[in-house]
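Going by the order they are written in, the chains are A, B, C and D; count residues from 1 in each one.
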Amino acid sequence: MNLRRALLFGGLAFALLLPLLAGALGLDYAVGIATRILILALAGIGLNLILGYGGMISFGHAAFFGLGGYVVAILSRHEMRGEPFMTWPFEVAGTDQAILAWPAAMLACALAALVIGAISLRTSGLYFIMITLAFAQMLFFFFVSLETYGGDDGLSLLSRSAAGPLDLHDPAQFYYLVLVLVLIALLATARWANARFGLALQGIRDNERRMRALGFATTRTKLTAFVISGAIVGLAGALMVNHTEFVSPAFLSWQRSGEILVIVVLGGMGTVFGPLAGAVVFFMLEEVLSQWTQHWMVIFGPLLVLAVLFAKQGLWGLVAAKLDRRG
Amino acid sequence: MAESLLKVTGLTKAYGALVACDGVDLDIAPGEVHAVIGPNGAGKTTLIGQLAGELRPDSGRVSFAGRDITHLPIHVRSARGLARSFQITSVFPRFSALDNVALAVQAHAGGNFRFWADARKDSTLRDPAFACLERVGLAARAKVPARVLAHGEQRQLELAMALATDPRLVLLDEPTAGMGREDSARMVTLLTGLKGKIAMLLVEHDMDAVFALADRISVMVGGRVIATGRPDEVRANTEVRRAYLGEDEIA
Amino acid sequence: MLNVQGLEVFYGESQVLFGLDLAVGAGEAVTLLGRNGMGKTTSVRAIMGLVPPRAGQVHFEGRDIAGLAPFRIARAGLGLVPEGRQIFPNLTVRENLVATARPAPGGEAAWSLERVLALFPVLHERLNAMGDQLSGGEQQMLAIARALMTNPKLLILDEATEGLAPLVRAEIWRTLETLKAAGLAILVIDKNVAALARFANRHTIIEKGRAVWRGTSAELTADPSLSERYLGV
Amino acid sequence: MLLLEQILNGLQLGVMLFLLAAGLTLVLGIMNLVNLAHGSLYMVGAFIAASAAQWTDSFLLGLLIALPATALVGIAVEAIALRHLYDRDHLDQVLATFGLILFFNEAVAMIWGPRALFLDPPSWLSGAVEILPGAPYPAFRLAILILGLGVAGFLYWLVARTRLGMLIRAGASNREMVGALGVDIKRLYTLVFGLGAMLAALAGVMAGPIYAVETGMGEPVLILAFVVIVIGGIGSIRGALVGAVLVGTADTLGRAFLPGLFGAMMGPAAASGVGAALASMAIYILMAAVLVWRPRGLFPAHG
């Protein structure tokens, strides 16, 4: 347990000091990479809620990632041009305020998740995988054909969101904001995994039929998880569009859905730190392999196959098992 | 006889040409242990499925505690006090024994949308759960993950979970399935201890268990109940013997 | 011919068979009796390789077949008529018969489509019906016929008369008599003591995964308390 | 006449999807394996055909080389990787075959380079045919349509009439029993897989002259093929055919007519955008609707 605590605080200290270290070593670009890793970890945390704790294999979570990104970009664009986003049935102006745009992104994703979830959860197993994929494709093509907002070419964010006293254009400040959000999400995961909601969700994952017989209204619980999950991934998308200052249908591509899935599984499904570990490793692998060869996918693909065949509990799962054994 | 707790009338369910349940009538008094026996394929599992709410009957009525529950979903039946245990052990393997039972308590305590408070430190869930474990003699194993429990212990845990929903009637689908002699005997003792407090509908092939426990027995053959009565009556019933031993040969 | 010794089977953590012994000689009819849930079907599945035995040996014609893939065991000459019949619902009767048909290991094909249909005239009339359009009795006959089409040396029937009308049962017993007379070795699982005593030579009763009684038909019928104790109500 | 042409286009997309979906649904139905890398075989088939056609200067020879070569690639993939996934859950299958996609896309880029290849239709099919007086239609597309229907017919015959087909259907409903009756299921799997790979390659070769032969060409089509089998019902060849034709025509007609339709209704500028968006979403809406109505598809397999 002490080792685990040491690891936690060591990791936290490293994360907090990272911008200073990077500055000292002249590796300024590292802050950007770390921000990117954290954002994808946040998306992983969102997916982990339903995949790791709820056993729902969504192959379409990039839909929320992209939707969240588009909401921020579109609102900002309307703000820039001074045109309202919509005028009927009531007028909604554009905004570049993080405090408005980011919750709006989460809300839009929650609503989308409510609709997608309500339909998808009627099915199960393979059909669920496919229908979530199909919904993501649907949104993908929706944004591809949405010429008003760039269509295939995507949409630039002319300026990162305004966040009160913070200047998000400063890499370190943006990094810290993302870090705080990820920490909150991690803490929330740790809490609700052990709260009544989380236990019910895990019970459903392990044996839904039994849960119904015990008296749980399981669909409601699953749908709630799906909506929360969509909102978190939407927030990650909102952050990512701020990071890249650009959004395109590629945000919603099925490859992106696969990537988030890989991050969660590689890191360790149903563990608090799994998605974070997964995101770190995913990027390290990409970094190391792509320095070796530009065709790094040719190595990464088979590695993924091997990981699925031989290391199912994921990296954090392995670490956690080691720590537990040491006591 | 006292007002019946569960009353089944004309329950019918067919799969294509095969009528698995053919106009079944059944009633169970409060506190009664009622066994349903019969050869494989007689429709016992289909019957339990319909009572629990997993299968929708083609026709017929099920009423429980005086109210029609024929079309209620499973979780609502459970809330009314109709619990079920499974033929194939289905505990939650990753959870500890106590977690398993606490989850069953939570099913009716509600609060499934509490996201923050640690449910594992919630005495309103843990205390009743622990009491149920004590009742089935598993208190010493409370912290052991369910997957590590021996098969017999898992069946005991299964029973504790059914009890934790505070039922008035438990549907027991082969509680001694897959158990050796000693475990079977222990389970029978356990169930005997509950007699009179909770009504039970028992589907079981182990006749020792059936005759040790049942107040009344219904015999199902080919989707129909061909006899209902006290154990000695059923044992003496020639039609039952014939059906059970297959002595219907046209020699 | 078939020799099973000390067979132990587990489903996950729970043990279902506790060291079962069983033997069937060439041309012999042997039964396995017991109430439901006592391990009969598991015994059959273990013999056929459908569940892996954790301990014990299974020899067929002197060859160790324990742990082989089911298709190799079947090809060694075991024909299975499984519990619940398990005919292919989306195939016609003819297709059910033809799909897995094969000559015996030696190469001779004693059971042709014609001969099987002659044995079960009912199936002849329904050759083009889908499997799931058959009545229970017809399905059962199809399951037996399907196993015969693989030209086995030993036929294993798991609850072949369960849930059938008396007349149909009688017909199936008559068919089995014919097969036995033709020299086929047969292992039957059933609960119909009277019919089994007439049909088979030797019997084994199992309870809770163990053989608790072994004997001849004469011994089985001489002691009615046996069937009361282990099989009846 | 435009309508007729679009319907033919839709049918032609449909038969192509069917070729892909047939292999996918067989593998899913009988082996219970979700193979995302099926689209990679489509791509590999197209690349091999493009190269072989260049060397031999013959489209037909390219096709004839690509089919068995892709079948071999498929069988190798099955033996090396997929065989270990049959008993795994769908998540493992999705992830591992996702890994295979990454591998194949990159491997193809390494072998053939990043640029798209072109596969020219044979000269005797490069013209147009007058299907109705005054309605010309590209001969190659017509050939695809006819060949696709022919293959669909062949598949129907194979599955409905041959012993292999019986075993495939039997295996889809009760795999264990097929084994217990003495059939070597592993070999059956390999056969089915090889067959599926060959059909994917055929679809790839036929797509070659119409779309570009490039890395990543497999996945958009693969997702459409999944939509097809989910609509049709997993494991059902008939479902795959009906689903493919539905998806093919819905997509083609939607793209051809919806923008104009909305333009007429709501005025051109903004509305054609809505129409275009709806058109590209049409098949997914179709799929969602089918699943809401019938959660297991139009022709749920037996068992």
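Just so we're on the same page, contacts are C-beta pairs under 8 Å (C-beta built on N, C-alpha and C of every residue); 3 or more make two chains touch, one makes a residue touch a chain.
All values derive from a computational prediction rather than experimental measurement.
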Starting at subunit A, fewest touch steps before arriving at subunit C: 2
Mutual neighbours - chains that touch subunit B and subunit D alike: A, C
Chain pair with the greatest number of C-beta contact pairs: A-D
Distance between the centres, which are taken as Cα means, of subunit D and subunit C, whole angstrom: 44
Centre distance in Å when subunit A and subunit D are each reduced to the mean of their C-alpha atoms: 31
Shared-contact residues (touching 2 or more other chains) in subunit B: none
Residues of subunit C touching at least two other chains: 132
Multi-partner residues of subunit A (each touching 2 or more other chains): none
Chain-level touch network, classified as line, ring, star, complete or other: ring
Every chain pair meeting the contact rule: A-B, A-D, B-C, C-D
Interfacial residue positions of subunit A with respect to subunit B in the complex: 188, 191-192, 194-200, 202-203, 206-207, 209-218, 220-221, 224
For the subunit A and subunit D complex, residues of the former touching the latter: 51, 57, 59, 119, 122-123, 125-127, 129-131, 133-135, 137-138, 141-142, 144-148, 254-255, 258, 261-262, 265, 295-298, 300-305, 308-309, 312
Contact footprint of subunit C on subunit D as seen in their complex: 163, 166-167, 169-170, 172-174, 176-185, 301-303
Sites on subunit C touched by subunit B in the complex: 11-16, 18, 35-38, 83-84, 132-133, 135-136, 159, 161-163, 166-167, 169-170, 173, 190-195, 208-209, 227, 231-233
Of all residues in subunit B, those that touch subunit A in their complex: 52, 54, 73-75, 78-79, 83-84, 86, 90-95, 99, 102-104, 106-108, 111-120, 122, 125, 161, 165
